[in-house]
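In what follows, structures are represented as structure tokens.
You will see chain A twice below: alongside chain B first, and alongside chain C after that.
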Partner chain A sequence: MRRAALPYAIGLFPLGMMVLFFVGPLAFMIVVSFYESDPLGFYKIAFVWENYGKFFSSFYYTISLRSLWSASLGAVLVVLLAFPAMYIIVDMPRRWQLFWVILLLALMCLSEVIIGFAWVIVLSESSGVPKFLGWIGLWENPRSLAPSFGAMMIGYITLGFSLVALMFFPQMAQRDRSIEEAALTLGTPPLQVVTKVILPTFRPAILSSLVTMFVYFLGVYVMPTMLGRPQNWNMTVIITDKAVGDANMPLGAALSVIMLLFTLLVIGALWLASRKGRAS
Partner chain B sequence: MTLLKRLFMLTLATGLILPFVIVTGVSINAESNISFPPSALSARWYTVLFSESDWLIPIGNSILIAIIAAFVAVSIALAANYVLWRLQSGYGRAIFALGIGPFMLPPIIIAMGASVFWAEAGLYGRVEATIISHGVFFVTLPLVIIARGFAALSDDVIEASRTMGATPWQTFAKVIFPLVLPYVITGYALVAIISVNEYLISYMVSGFAVETLPIRIFNNVRYGYTPVVASAAICFAALTVGVLLLLSLVTDLLKLLGASRD
Partner chain C sequence: MTSIAKSIATAAGLAVFSSSAVLAEEITVSAWGGFFEETLRDVIYPGFTAETGIEVRSIAQPADQAWMTQLTNAARARKAPADLSLVADEVLIRGRNIGLWASLDAEAMPDTSGLLEGRVVSDGDGTYGVGALSWFVTFVTNTEYTTDAPASWADLWTVDWDGKLALLSNANSGLLEITAVTHFGGYDVLDTREGIEKVIAKISELKPQVNLWYRDEGQFQQGLEAGEYNAGLYYHDVTMLSAMDGKAVQSNFPAEGGVLSDAYWVVPRDSKNVDAAQKFINYMSRADVQAEMARNLGIFPVVPREATDLTDEEFASVGSDITPIRVQTEMHLREADWLSDKYLEMISQ
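Moving on, here comes the complex of A and B:
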């Protein structure tokens, strides 16, 4: 009995930290979402639905649709690029694999701020692609390409690419290559090998990386503000502006709770789908 | 087909690396407006970065936060993994699942939660708040990495140390810990780099009082900037790649990321 008691006691440390500083803040955020905002402090204790009421207006409607659109487009683009890339990388010689893995890890760790800044420079008329196009005579009157929706998408892709590619890595590297080889030697056209053998094998992985990226892009702040125009700004930018800029924490909390519920719904749906997929 | 593959990979590599080549060019340009290619070379922006307190203070803050936050994250991850390994029960799995949580949610929700939580606790705007939040929210990566270390432990060694009369503590300190140490170091290094690079949580928890390097760079880019930003960005990227190269010497990164079965 004593032998088992010790691990339980040790477990209290990670459990306590996660409950106090991860679950606790989320729970308290829900409480604050019912408070009233206080121009002189953070908030006044109250119980009002007013903060949620504000969400149901055409302003937040537009912002929500816009966030959903940019997050889903970003997720699809990232997976479309990262899947074939990783498929090629795992069959490279070890040295090149290591090169790509370090590049991807570096990009995964690198600040959104740095990546965003780098693209601002690359897309600017003074130093980047527009200047180069003007210089070789392809673009007569070069102008900066950022901020724009396209620039923002490029930022999203650079941000998510490394994460998705590294998520595919284990399964791709360990996959049973003999099935593809068998299909090829039996005379199956390469395109059919992709649609009939490779894609079905990776369906769960593709689905979960799509959802992960979608959720991740819902919550990005730096890319839209740095590379997008105000009409491209997503819900995250609005939440941050309300909570920090206008010092209206209850409204920021209410909008975050709505996003949290939506996220849990999406993750729950994925979980159900994957369970059903496994059962059949 | 091979040509197409090569072209695709080359385009991707260019898209991922080119921005940093151009930023490097901007950072070594002697002129004080942003332009590329550089007209005359100079290291003056690097001198500014490492001599003006405008930049030195954020650098110091970022490093302080990263060092302690990574320690917090790794201790939580190590304890959680140890418990899961000792008790393959719902208790261990529940703790593990809690550690995966932060990765599943959009960063803004976590940042907003931390913001109200620290406001209520009276630590809003304090560096301690940022440290703890980073430590708790970046726990997922070391958790998953250290789990690979525990999965690779063979029962024989543990059994041997137990039959030879080692206490659970001795077994942990003398047998388990040395074996999982490479995974612990990798986890520590990754959390430290991610913490140094993080913007949104630092900004929403204590951004106005504790300026970290990403906050400094972001504000600078938003409100008119000089090539110092480029030199800061390059130092950042160099530091990140440097730590990863060091790691690749210490551990087998490919295996760690799951290139082969343990």
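Moving on, here comes the complex of A and C:
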């Protein structure tokens, strides 16, 4: 018993920190979401459902659907690109593997704002890709490609790519290659090796990176505002506008709670689906 | 993201400053961070210290509403993050309603009587805000696209901007008021919700021409200078600075006027240095100091033009004599959520 006490005590510290810095603010956010906002002042302590009621006006509803759409699409695109990329990278000679891993790690230390500005410039007609296409004569009257939904997706992918790729890296590098080789030797067509052997092996990793990216993209703020049009702004942008721009904390808190519920629902559904998939 | 970083930086700064703020004859003054706060600190405040012996500690504050949130939280803890703060009128009004500002003695600030009408703000309990400076938002254009100065705000609708207009995404940018004055004969149309909806519908006619609804000023300014945008609404002072830098931009005052906004000095309720703060406000209200601020910061003075020694050229570089358009802050506060939702709905559909 005595010996077990120390690890417990060590474990208590992060647990305490979690409660203090995560559960505490979360509880406060839920409490504030029931307060009454005061446009002439700050907020009044009360218990009203009004802030939640506002969500069901068609406008917020539409925006939350848009957020779900852009976050899911972003997650799928990132995984679709990062999975094969990493598959190729782990089969490279060690030096090149190292090069790519370092590059991906370096990408992760860039701030969202820097990435956003970089893409704004790359996609601009005055100095970026459109200008180049105009110069070589492929585009007669080049126009900026940002802001647009596509530009925003490019931003999402830049944000998430290195994260997902590095999530795949350890498992992919250490996988048992002989299974694939055996399948090939026994005459399985390459495409079937991918669908029957490789994808099932990585199914849990793919699912968990999809969920991670989905949740991550639900909360991005800089990419939609810098690279997206108003039609692409997600719930995070609206919550920030409400809470910081209009100083309407109760409404911002209520919208955040709703988004949190949405997120939990989606994660729960995916978890259920993956359990069923394993059972069958 | 940046505003959060700023808040943290400010909060850290405050923790350091509030412990030393008890020393008499030193006041902490906060102003919007960046060029603004730096120029005030380096050029304007030393004159006050030389005259009164009161040291000024200058700190940077974040954007309006974020700053108000910090001030509200500080007031709950009975702390004043600064002895003086520069706030926009919306924060001035909201803060007064929840008792954030100290009441000031107008007689201790004799020079405030020289300010333009309405710049000394009082209620039954006394004076709580004094006009600090004003600034214009104007019709800015890229001179590589056109060198014609727009004669009227109606040009936003009628001139072909090649789909490259940039407007602000928030409802209180002044565009509602510009539209009301230009197309509905004045602010009266904004008295009712039906009226406001008509104005918003008029603004939505601009949508095919608008390719950026910005909230980040840097993004717009960089794009305008690069020719990504042909025209838009932007700060007069910053545009003048970038034109002087040789960039192809121009700030224009249409016939209906530019949009004039004010900032006020307030003293947070829990400040211990109200007397020194009043001396500071008095100093900042003097015509010579206002002229100095106009020259160095590009702001529009809150004293009558005749009281200053600004030359015609200097005056023209900071503003214009045309009766300005004013953001109807009371209306924005009254309609609050309803209006910002309608506006957002219009631009995001």
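In this text, the second predicted complex is superposed on the first by the 251 of 280 C-alpha atoms of A that agree within 3 Å, B and C clash if a C-alpha of one lies under 4 Å from a C-alpha of the other, contacts with A are read in each partner's own complex, and residues count from 1 in each chain.
Criterion: contacts are C-beta pairs under 8 Å (C-beta built on N, C-alpha and C of every residue); 3 or more make two chains touch, one makes a residue touch a chain.
Keep in mind it's a predicted model, so treat the numbers as computed, not measured.
In the three-chain model built by superposing on chain A, chain B clashes with chain C.
Look at A:147: by the touch rule set out above, it reaches chain C but stays clear of chain B.
More chain A residues lie in contact with B than with the other chain of the pair chain B and chain C.
By the touch criterion defined above, A:247 lies against chain C but remains apart from chain B after alignment on the C-alpha atoms of chain A. When the shared chain is aligned, chain B and chain C each come close enough to touch A:42. In the superposed model, A:179 makes contact with neither chain B nor chain C. Once the two complexes are laid over each other on the shared chain, residue contacts for A:81 go to chain B alone; chain C is not touched.
Contacts of A:6 after superposition on the shared chain: chain B is touched, whereas chain C is not.
In the superposition on chain A, A:120 contacts both chain B and chain C.
In the overlay built on the shared chain, the residue A:265 is in contact with neither chain B nor chain C. Of the two partner chains placed by superposition, only chain B is touched by A:158; chain C is not. Superposing the two complexes on chain A places one of the chain C stretches 4-12, 22-30 or 274-282 into chain B: stretch 4-12.
Applying the stated touch rule to the two superposed structures, the overlap between the chain B and chain C interfaces on chain A comprises residues 42, 111-113, 117, 120, 124, 126-127, 221-222, 225-226, 244, 249.
Against chain C, in their complex, chain A makes its touches with residues 37-42, 54, 57, 59, 63, 111-113, 117, 120, 124-127, 143-144, 147, 221-222, 225-226, 229-231, 233, 238, 241-242, 244-249, 251.
Contact residues of chain C toward chain A in the complex are 1-3, 63, 65-66, 68-69, 72, 93-94, 97-98, 163, 169-170, 211-213, 215-216, 219, 223, 226-228, 333-334, 336-337, 340-341, 344-345, 347-349. By the touch rule above, chain A contacts chain B in their complex via residues 3-4, 6-8, 10-11, 13-15, 17-19, 21-26, 28-29, 32, 42-43, 81, 84-85, 88-90, 94, 97-98, 101-103, 105-107, 109-122, 124, 126-128, 131, 158, 161, 166, 169-171, 173-174, 190, 212, 215-216, 218-222, 225-226, 235-236, 239-240, 243-244, 249, 252-253, 256, 259-260, 263, 267. By the touch rule above, chain B contacts chain A in their complex via residues 1, 5, 8-9, 12-13, 15-20, 22-23, 25-26, 33-36, 72, 75-77, 79-80, 82-83, 86-87, 91-92, 94-95, 98-99, 101-102, 104-117, 119-120, 124, 132-133, 135-137, 139, 168, 190, 193-194, 196-200, 203-204, 207, 214, 217-218, 221-222, 229-230, 233, 236-237, 240-241, 244-245, 248, 253-254, 257-261.
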